[in-house]
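So, here's a batch of structures to check.
What follows is a pair of complexes built around chain A, which joins chain B in one and chain C in the other.
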Partner chain A sequence: MSIQGSLGTFLGVEMAKPKVGFFELSSCEGCQLQLLNNEATLLEFLSLLEVVYFREGMTEKSNDYDIAFVEGSITRDDEIERLKEIRHNAKIVVALGSCACFGGVNQLKNRFHDLEWVKKEVYGDYPISTRKAAPIADFIDIDLEIYGCPVKKEEVERIVSRLVLGKAVTHPQYPVCMECKANENICLFELGEPCLGPVTRAGCDSWCPSNRLGCWGCRGPAPAANFKQLKEIVKRYNIPVERLLDRLECFGGFQNIVTDMRGSGGKGENET
Partner chain B sequence: MIFKVFPAEELAALYELLAVNPIVGPVLKGRDKKDNALYDFALTSGFADLALDYGQTMHSAKKFFLPHREDLCTFTLSDHDWDKHVDYGAYQHTVLFGLHPCDINALNKLDKVLMESVYPNPFYGAKRSNMFIVGHSCSPTPSCFCRSMASDSVIRGFDLFLTRLDDSYFAEVNSAKAYHLLEKIKSYHATDRDHKLFRHAVSEKNKKITAQVDTSDLTKILDMEFHADVWQEWGDKCLSCGTCANVCPTCYCYGVEEEVDLDLRHARKEKLLYSCNLVDFAEVAGGHNFRPESHTRLKYRYYHKHRGFVEAYEESLCVGCGRCGNACLADITVPEVIASVRGGDNNGK
Partner chain C sequence: MKLNCDIDIKHLTRVEGHGNIRIRIENGKVAEAQWEVVETPRFFEAMLVGKHYENAPYICGRICGICSIGHTLASIRAVENGFAITPSEQTAKLRLLLKHMETLQSHILHIYFLAAPDFLGVGSVLPLTESHPEVVQQALRLKLLANDMCDEVGGRRLHPTRTVVGGFTMLPDRYRLNQFRQRLRASLADLLASAKLFSTFDLPSFSRETEFVSLKGEGEGIYPFIGGDLVSSDGVVKAEYDYLAMTNEYMAEYSTSKLSKLSRKSMAVGALARLNNNFNELHPQAKEISEDLGLLAVNHNPYMNNVAQLVECVHVVLDSIVLIDELLSSDWQEERQPVIPQAGKGIAAVEVPRGILYHCLEFDDEGSIQRADCVIPTSQNHANIMYDIEDLARWCVAQGKNDRETELLAQMLVRAYDPCISCSVH
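Showing the complex of A and B:
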């Protein structure tokens, strides 16, 4: 990537200061809010970047950016056009948060076969154009995913500093259990609550389990996730499989798994 | 060994004498949904915090000598130069109060690898050298198989080891510090009667140990059964989540990461405890993974504990504390895995 602006030198090496834009499609904008949240490091974070587009944080707008962070999923046709334009303008496109990566909470509506009914229920006599919610990678090539609902600011900081330094960006390959055990939490299963920690990609520092909320899988599947065993575990702890499927469906990262599970003995979508 | 005895009510006085230092001990962490007590090691703020009748803690006391994350060094960067800072993280003596024999044996095993090897680990050594250890007798749980691993009793690696008798404590005194400490409370040299009470208490404890692992010829049997089908079966269950290694008192494998702070003026090299069951544990530069399959990773954890370490040190790296089996959501326990590998030549539970 060749980037114009300069950040000064790092150990004598000239550093690029990338121009970045933050964009939202269908989302709650909570991920962008996270970026403004960590006041202790906010100024240092912003000094690494030249922010040229950030509707939630500034008035000025420019389409001259190197890196685009895109939050949200695609739920309308006009968003596809906007996304393609962002892809055209940016050298690097980053899917920011679960909606952009997997469809997020928005994709829950995809469970309804009749979207017209959903529209009527939500918008009444003021219908809007809408389509099945989808991750942005369904429409454009993306360069990087940052998982989470919302994203973890510390992780974004680590990734951004690596982008600036030209270091490889990596994600943990292990599941949330690894971080949860390091935090010495009581296992949520022992407290009678289902938890997707064993199958969900870590990196959140077991944010929810550390606060005694079982993991809902917002970061999507860990590479070696063992879903067959998770189903056995849920049964052994007398937790209805439907509660497991609810969690797996919530953020969209486990769509294929849910389809498989429902196909092989999981309850159908109209049963409770 | 010097054996002394003191009245049970003097234990609080002993705690207070030690309390000029931070005291880490077993504390009640919470209760599960069946109302069973759950314990862990934590910094205590008073004698009342100590739950010395704990069965087993969920996690080992590892974070006090092998933290999950630890800076190996930090850097201050200037335009064309840098300063390196190394901090072993041992500023004060720490008292570990109430360790069971399994956990003290675990420290002794770690000492062999991390202090007595060709390349000692100064981070571990600094903390270990500044530790005062008060061991405490245990009441074995159904998952304890320490006796099979010769870790049910301990002869070194502690300052003081206390065994609860009826209304007194039998103290094994293993350091000058501990000897002088006991002089400050009401104590006396153990009598023949105390020796008998001690041996009775130990035999009562041993009766409670029900879980077993047959370790006879185990290194050879593991060699013979390298391709056994049972590994695949356990591998199919394994979640590759690293929980077993995290709760284990002797797992010491780690990875190293380097991070530059956001201000680009500071950086650190950080050590993270890792687990051989994690999918990328054996992934090397270029992307090749020597153990992409779950069962190969699970197998090597057993080979390290029960074969490689035994061949190198003539003892197992496993102390039989049972934590990995307790914590494993897939119910993979050492006695069952070893029994299955042995092909049913015992019925270890």
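Showing the complex of A and C:
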């Protein structure tokens, strides 16, 4: 991945100033908003980049960009074309947030296998078009994923700075529990609440458990996740399997394990 | 006079979500004037079916990144109303404080980043960092304060973590709350500077009479935000649970969002509607600023929504100082009360930055959601925006505006509503 652009300096190092665009498909636009939620470092951060497309924030538009940040999932046919065009224009495509990486909350509608029922529940007989919610990687090659619902701004800044400097971007392999322990939180299981910290990919600095909310797994599975152990913990603390499944199926990252658990004993919620 | 004009804006910029503006003027007559909503629906109401109640605030918050706190609080209130839970006074105050900071954050984002560039003749906030650095610094300071407080009270500035049915998972730090009190005091200077800047803006003199819908204030100084009666400027008053009588949703071919009406062909919600219906409930200092900026109830100029938002910023900052004083004057009580599900229906009306929001949830006796309905402020505004555009097109013809001016005025009109389009479709 090499980016050519006008040259600037960062901490005295000469570097390329890449042209970037921000795009949204079906989403709450919260991940983009997180980037603006950087008041303290916003101007400095923006000076690393040349923003050429950001519909939510600016009128000027250009299709000449090096890095495309795509937020949201695919939930309607016309979005596929738009996504392909973005891929065509960009050197690097970054999936920004859980909607783009896994389908996010949007994929919760997929658990009703009958999309006609879903449409009818919300719009009655009024004709409306939709499709199964899907992550963007189902339709194009992507270069990088930034997890989270929402993404963590510090992490986005770190990743973007590395991209701009041409350094490799890596994600933690260990689960949220490691960060949670380092933050010396009381374990939520001790308080009778389920938590997906043992199986979820770290990098958010145990955002939720540090606020005494169990992890809902928004960043998807950690490569080193031990699901067997999680099931044992849940059993030991007498937590209903449905509460665990609510969390596992919320953002789409744990699709396989949900299918597996629903098939083997978990009460099905998905019949309509 | 300009006789022909053809405006076709696809995916209007500097608004949240996707909408198109189409205006065609032929021989001095408006042949077409359309506000089209093309956002993709996400089907939140269906997603919730079969889910345990604790999912509702967590999932519904994701309807909108900008007003996630409002959605979260609306869902929590719907569940609590359904289960006949009354929040403790402490919880109610903390929620209102959190709500205020979302209002501040959202209004500042809109006023400075989305609306102000038009008045200052630029395409985005970016050139302002060069031409008006002090304005950008003011905006960033105010937004940072609001967001920092949302972190402190709600656990996270968007998609909050501490807000749950029954109360909070964790309480804010008292020492830091006190520090925020100082920062709130100091922020008034920035808001006054903003008011001064606003007084130099040239607001279009266009207006169109409409019906304003909002929550009803409960006496002097109690400007409404969470729950209470519903009211319209045409004299309709309904109880919170009777929300369907206020929303009357319908579909139209030019929109993937539902639309609403009440006593007239369209209605408006949002800061201007709240202010028009509750002017006397504003904090006196906020009222004074409103009067100075020429905003008196009832005002029918949609561009005035920008001013109403600024006035509300002043109100919420002053009211937050009062709330912090009250909270710090007594010891912390239990942060969370027990929740016992019961079958039935829970309805909540909450004023979010863009207007009144309704969540309705139906439960079985285990607290599992059987049906959900969310009526979003922007969807209640869509028809009003549409008729405004039609009238604005005629007004522009009468005023002899050229294409470029008409196009800009139409864009500014939609932006003035601060529409949250992805929210409206959800």
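Keep in mind that, in the parts below, the second predicted complex is superposed on the first by the 256 of 272 C-alpha atoms of A that agree within 3 Å, B and C clash if a C-alpha of one lies under 4 Å from a C-alpha of the other, contacts with A are read in each partner's own complex, and residues count from 1 in each chain.
As a working rule, contacts are C-beta pairs under 8 Å (C-beta built on N, C-alpha and C of every residue); 3 or more make two chains touch, one makes a residue touch a chain.
Not measured: the values here are computed from a predicted model.
Overlay on chain A: chain B and chain C fit together in the combined arrangement. In the superposition on chain A, A:Trp216 contacts chain C only, with no contact to chain B. Across the overlaid complexes, the C-alpha centre of chain A sees chain B and chain C at an angle of 110°, to the nearest 10. When chain A is checked against chain B and against chain C, the one touching more of its residues turns out to be C. Of the two partner chains, neither chain B nor chain C is touched by A:Ser206.
Of the two partner chains placed by the overlay, only chain C lies in contact with A:Pro150; chain B stays clear of it. After superposing the two complexes on their shared chain, the closest approach between C-alpha atoms of chain B and chain C is 11 Å. Touching chain A in their complex are the following residues of chain C: 11, 13-17, 40-43, 45-47, 49-52, 54-55, 58-59, 62-66, 68, 109, 113-114, 117, 123-126, 129, 136, 140-141, 143-144, 147, 155-159, 161-162, 164, 169-170, 251, 256, 422-423. Those residues of chain A that touch chain B in the shared complex are 7, 9-12, 15, 41, 44-45, 48, 157-158, 161, 164-165, 173-175, 177-178, 181-182, 184, 186-187, 189-192, 197-199, 222-226, 228-230, 232-233, 236. Contact residues of chain B toward chain A in the complex are 29-30, 32-33, 38, 40, 58-59, 63, 68-69, 77, 79-80, 82, 236-243, 246-247, 259-264, 273, 275, 278-280, 294, 327, 329-331. Taken together, the chain A residues at the contact with chain C in this complex read 24-34, 36-37, 39-40, 42-43, 46, 51, 54-61, 75-76, 79, 104-106, 108-109, 112, 117-119, 121-123, 126, 128, 130, 133, 149-150, 207-208, 211-213, 216, 242-243, 246, 250, 269-270.
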